[in-house]
Amino acid sequence: GGDKTYATVLEKVQDGGTVVVGTKWDQPSLGLKKGAEPEGFDVDVAKAVLKEMNGGKDVQITWKESASSNREPFLQNGTVDIIFATYSITEARKQKVTFGGPYVVAHQDVMVRGNDTSISTPQDLKGKRICKAAGSNSYKRITDPPPDGQLDLDAQLVDAANYSECVQKLQGNNLDAVTTDDLILAGFAKQAAASGGQFKVLGQPFTDEKYGVGLKKGDTKTCEAVNAAIKKLWDNGTMKQLQEKWFGGIQGLKLTESAPPAEGCA
Amino acid sequence: MTDNGDGAPLIELENVNKYFGTLHVLKDINLTVSRGEVLVVIGPSGGGKSTLCRTMNRLETIDSGKIIFDGRELPAEGRALAALRSEVGMVFQQFNLFAHKTIRENVTLGPTKVRKTPKEQADKRAMELLERVGIANQADKYPAQLSGGQQQRAAIARALAMDPKMVLFDEPTSALDPEMVQEVLDVMIGLARDGMTMVVVTHEMGFARRAANRVVFMADGQIVEETTPDEFFTNPKTDRAKDFLSKILTH
Amino acid sequence: MSTTSVLFDAPGPRARVRNGLLTVVSIIAVGAVLYGIYRGFDAKGQWEGRIWEPFIRWETWDVYIIPGLIGTLRAAAVAAVLALVFGAVFGLARLSDHAWIRVPAGLVVEVFRAIPLLLLIFFIFYLLPTVMGGGDYAFIAVVLGLTLYNGSVLAEVVRAGVLSVPKGQSEAAYAVGMRKNQVMRLVLLPQAVTAMMPAIVSQLVVLLKDTALGYIIAYVDLLNTGFKILPAAFFGSLIPAAIVIGVIYVALNMALSAFATWLEKRSRRSRKTAAPPVAPPGPAAVPMGPATPGRTALEGME
Amino acid sequence: MDELIQYGPFLAEGFLENIKLALVAGVISLIFGTVLVSMRVSPTPVLRAAGTIYVNVVRNTPLTLVLAFSALGLSDTLGLTFSTVPRVNSFWVVGLGLAAYTSAFVCEALRSGINTVPLGQAEAARSIGLTFMQSLTLIILPQAFRSVIAPLGSVMIAMIKNTTVATAGGYLADAAANMKEVFDTTGASIPIFLGIVLAFMAVTLPVGYFTGWLARRLAVVR
Amino acid sequence: MTDNGDGAPLIELENVNKYFGTLHVLKDINLTVSRGEVLVVIGPSGGGKSTLCRTMNRLETIDSGKIIFDGRELPAEGRALAALRSEVGMVFQQFNLFAHKTIRENVTLGPTKVRKTPKEQADKRAMELLERVGIANQADKYPAQLSGGQQQRAAIARALAMDPKMVLFDEPTSALDPEMVQEVLDVMIGLARDGMTMVVVTHEMGFARRAANRVVFMADGQIVEETTPDEFFTNPKTDRAKDFLSKILTH
């Protein structure tokens, strides 16, 4: 919002403009819409980073849902200014987006039904039905060889619009495993447990997913400010505290211990 | 006037009542038509003439009373009803020729499909009938290609093709251009001369005078007057009939 | 009740018995299908109170469903107004005596009717930022897409409406000495509006329904909040959400459709137009009955 | 233009899916629509009501939601499976959903086709003694069929365009999905958009012209 | 027969030709109608009667020849054409009353919108005219609420409201139920008596005999015979006319 136009998001932040922040709205513990605003780890990090960028003053924020499939167009369109939405930094995405951070490192893992004993390692996914959520690349790590992928297994893909649909299908036995970032899986497992659902995360991470802050391609000024803010938040313990707040006490989850090295802005 | 109309009763209506919703369109109708008789039904619009005509082959059901055709009550459904209808020809105001069939096919459809007459025989008979109504040369055209008068004559041929015991005519000439009225009436007069039993709803005085044995004047769902054509046109009894005649005779 | 139809004769006693039997058999068949569906959903635990419980809480409606519904109605309302304007302008332009107005208008209408609406919305969504600079274009893309497509269909309705007024009406108007625009304004349009109202409302139902395509470009509509975000917040409630959202859509559209049907009945009976009602446009478009106003086929069947 | 050439094969692959979906949905919806219309015109009130309810509910539900129901309800919950290969299964689930939606419109087109046959035609058929089946097969359906061709054509054209909504049923392989994926990389590309639109027109226009031509050729002149 | 029909020419057609595509519907027509004259045009369907009538107020354009009304050639378009049409009233077979306006509004619409007559004045005149055609009590109904005969009389009032120099009637009674024909003919006869110039396409012999000064018999786009009504009905010259009369007179 705001009538003024700014060259960079940083200018907007520092000028007291209202920043449009993209997060997930359907990802428990990361970005889930509850009431007027979303809540979760990404949401809290976004608030903290922006506040840091504005010299410790609160920033006015408009929250905008940014599903996996819409993150790139939203940045290109200018629908949102900045994205904190479980956004893994990849070489392919770097072509379209400038990434600040990473602010945390997640690891791809596998979630299965609590009573499913046939899958205990990612390698067991061979021949199983796994979820492909629109706009997410996680499935490639299982089905493709490096560099894009990793395990190169012959798994069957089941299309879904988003990860909540994946989880619904997992629950209904319409697929066998949901594989994506452990933080995402942990969020779902925690939510399901609260309402009687039974899922288990294998706890066998096999990738590093560096969660970055999405910015419009070329906005290096803001990127650098974001990196500085993230460093500060790690240094003063905020990041650790936020991880504890949202993911504390979940079994088999390895939280990020120290500031992940910055990728550099390009 | 012809010399027929003195046979045994072919169709009898006894205390027939018919409603459309709450509208009482046929009120306690009693009427007998004898074999070979030509009955003209006349009366103001909305009086129930068409409805009366249509009950006689059960295109309309009745709510009470009895209709006896050829000694048996009208069947209610199924094959028996279809068989009855094939014995009672009907000619409509709007012709209702089958639009997707040629004139010849219109005429042969009933005989071949209902009577199982062999195709050639039905064809031959169709051509005779089309000859008789004067449109044999139009046999292979579609209805829409014919004038109204020609279509109505084809419709008469179609009805005759079933060798019906009786033919019902519901205002057969009122959808026609004036110069085509006579050609249709001529066919009907010929049919009357040949002894066909006919019930004709019409306003054509000329036809009534020349071909009818009896005239029934209907208004408001009732038979108001029932007499000979001469008597009716020259000396109507009721005010309703007088009033009606004064309107249609002046011009 | 004596209902004559093109298909069936008035039933006699045996037909009534047969219909009775058929009724029993079909009740059993329909019941079996419904029971099968019920059991299938039951087996997957879809009737559990837990997953339905959120829908009896006000917050659920306040936070998810109502804001989404407002988004849907807002897009539909704006698009409806614009589409009507577009339809009126292009519909009349297609009736112009001047080829330089008529032909381009016809081209525009034909092209926008031929483009799959979703592609059009996508395209506008991606195109706008490059021509107009950054911003949130989901709403504009949905509205513009709906306007161009439905406006084009409405243009055809308007044209058909004016053409459905019998030629005698305009001839009578010319014969008393009216000019072309007087004939259009005083005689044709007032009657055409009555004739095309039902078709317009039917098309608005289509428009309202198509707002749901906005979901695919993340426009915040009923489908988005109710079918994606809501089930994420309430674990396991995807199918209940789909059912609740479905009921809301169907109720909304049926209310509009019922209005259209009522309008159509009214204009069919209307004394105030010589024109028969214009056929509803779009997929269901069918040429109106026989040329001569008469009873047809299924009359009395419903 | 370069973009169109570069992504052409990928987009064409997607478009082929639209065509395959359209064929499947076309065939199924014609069959199902005929069943529905038989219900809607039957003398049995229960069947009529069931047909009417189906048509009204489906017609008033957004296609997006119908496809979602097809995937979540029919397939996931009721366990309707066409293939063990999920991709193939989704294809058929979407095809079936699209057919379920389209059949409501097919039904209405057929019904209004029967409606265009004047009552007088049926009465004339009855009055020469044709039975129910005879007047149906010899008089009414042949005339109804002819007046239904053009409207059915419009229904099919709408259905072909509707295949672009396949994404909503969890089938992410059609031209619209692929176009979106390409646009994520290239931004809006006019050549690509026009290319896909023209591809659709290349299918819908001939369908429209052919059905229009056939309808005019077979039209019953009254 | 009346005593008018001896004025100066009001409308003259000279060598008028008209084609519909390749169909030659008016063939070299020459015809003059004098002020106060009542001309009846009669002839078989498709002969061109309606077309002739419609060319006189340019509802149909002509392909060659000349039409001179009141001393000036018919204007081709625009204000002048509209002005001409307001001076030539027209009454159609299908009445063509404006369906969305009451009878009164139908009658006042022309005067107020074309002539810019003040509303009250137009209203007053409308009621006078409706009184004259006998339906003043129906003034605030819509056309569909009236019988055919009443509608046609309203249409005549609408035509008269423009104070036309001439009125064209195209089969004004042939869409009417028989019992309503006379009430319309009576209005027309009254109009003829009052000296209105009238061109009337009709098959009503009674009207022609009582009101016409001249009868024109048209067939195949040509004027075949042109004479007095008595002469025409009792002693037609051409075979075409004889044949035609034999068809419409017998019934």
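Letters A, B, C, D and E mark the chains as written, and numbering starts fresh at 1 in each.
As a working rule, a residue touches a chain if its C-beta (ideal position, glycine included) is under 8 Å from a C-beta of that chain, and two chains touch if they have at least 3 such contacts.
Treat the numbers as computed from the prediction; the structure is a model and nothing was measured.
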item: Between the pairs B-C and A-C, the one where more C-beta pairs touch; value: A-C
item: Between chain B and its twin chain E, rotation from the CA superposition, multiple of 5 degrees; value: 175
item: Geometric centre: closest chain by C-alpha means; value: C
item: Chain A and chain C: spacing of chain centres that average the CA atoms, whole Å; value: 40
item: Centroid distance [mean C-alpha coordinates] between chain E and chain C, Å; value: 46
item: Between chain E and chain B, distance of the C-alpha-averaged centres to the nearest whole Å; value: 36
item: Sequence positions of chain C contacting 2 or more other chains; value: 4, 9, 11, 15, 44, 126, 129, 238, 292, 294
item: Numbers and ranges of chain D residues touching at least 2 other chains; value: 72, 76-77, 118, 120-121, 123, 126, 167-168, 180, 183, 187, 222
item: Of all residues in chain E, the ones touching two or more other chains; value: none
item: Pairwise chain contacts under the document criterion; value: A-C, A-D, B-C, B-D, B-E, C-D, C-E
item: Complex interface listing, chain A residues touching chain C; value: 5, 20, 25-28, 32-36, 64-67, 70, 73-74, 76-79, 161-162, 164-165, 167-168, 171-172, 188, 191-192, 194-197, 216
item: Chain C partner contacts - residues on chain D that touch it in the complex; value: 41-48, 50, 52, 56-57, 59-65, 68-69, 72-73, 76-79, 102, 105, 108-109, 111-123, 126, 132, 136, 140, 144, 147-148, 150-151, 154-155, 158-159, 161-162, 164-165, 167-168, 175-176, 179-180, 183, 187-188, 190, 193, 196-197, 200-201, 204-205, 222
item: Touching residues on chain C, where the partner in the complex is chain E; value: 166, 168-169, 171-179, 182, 186-187, 190-191, 194, 271-275
item: Complex contact set, residues of chain B against chain C; value: 20, 58-61, 75-78, 81, 94
item: Partner chain A, residues of chain D touching it in the complex; value: 72, 75-77, 84-87, 90, 167-168, 170-172, 180, 183-185, 187
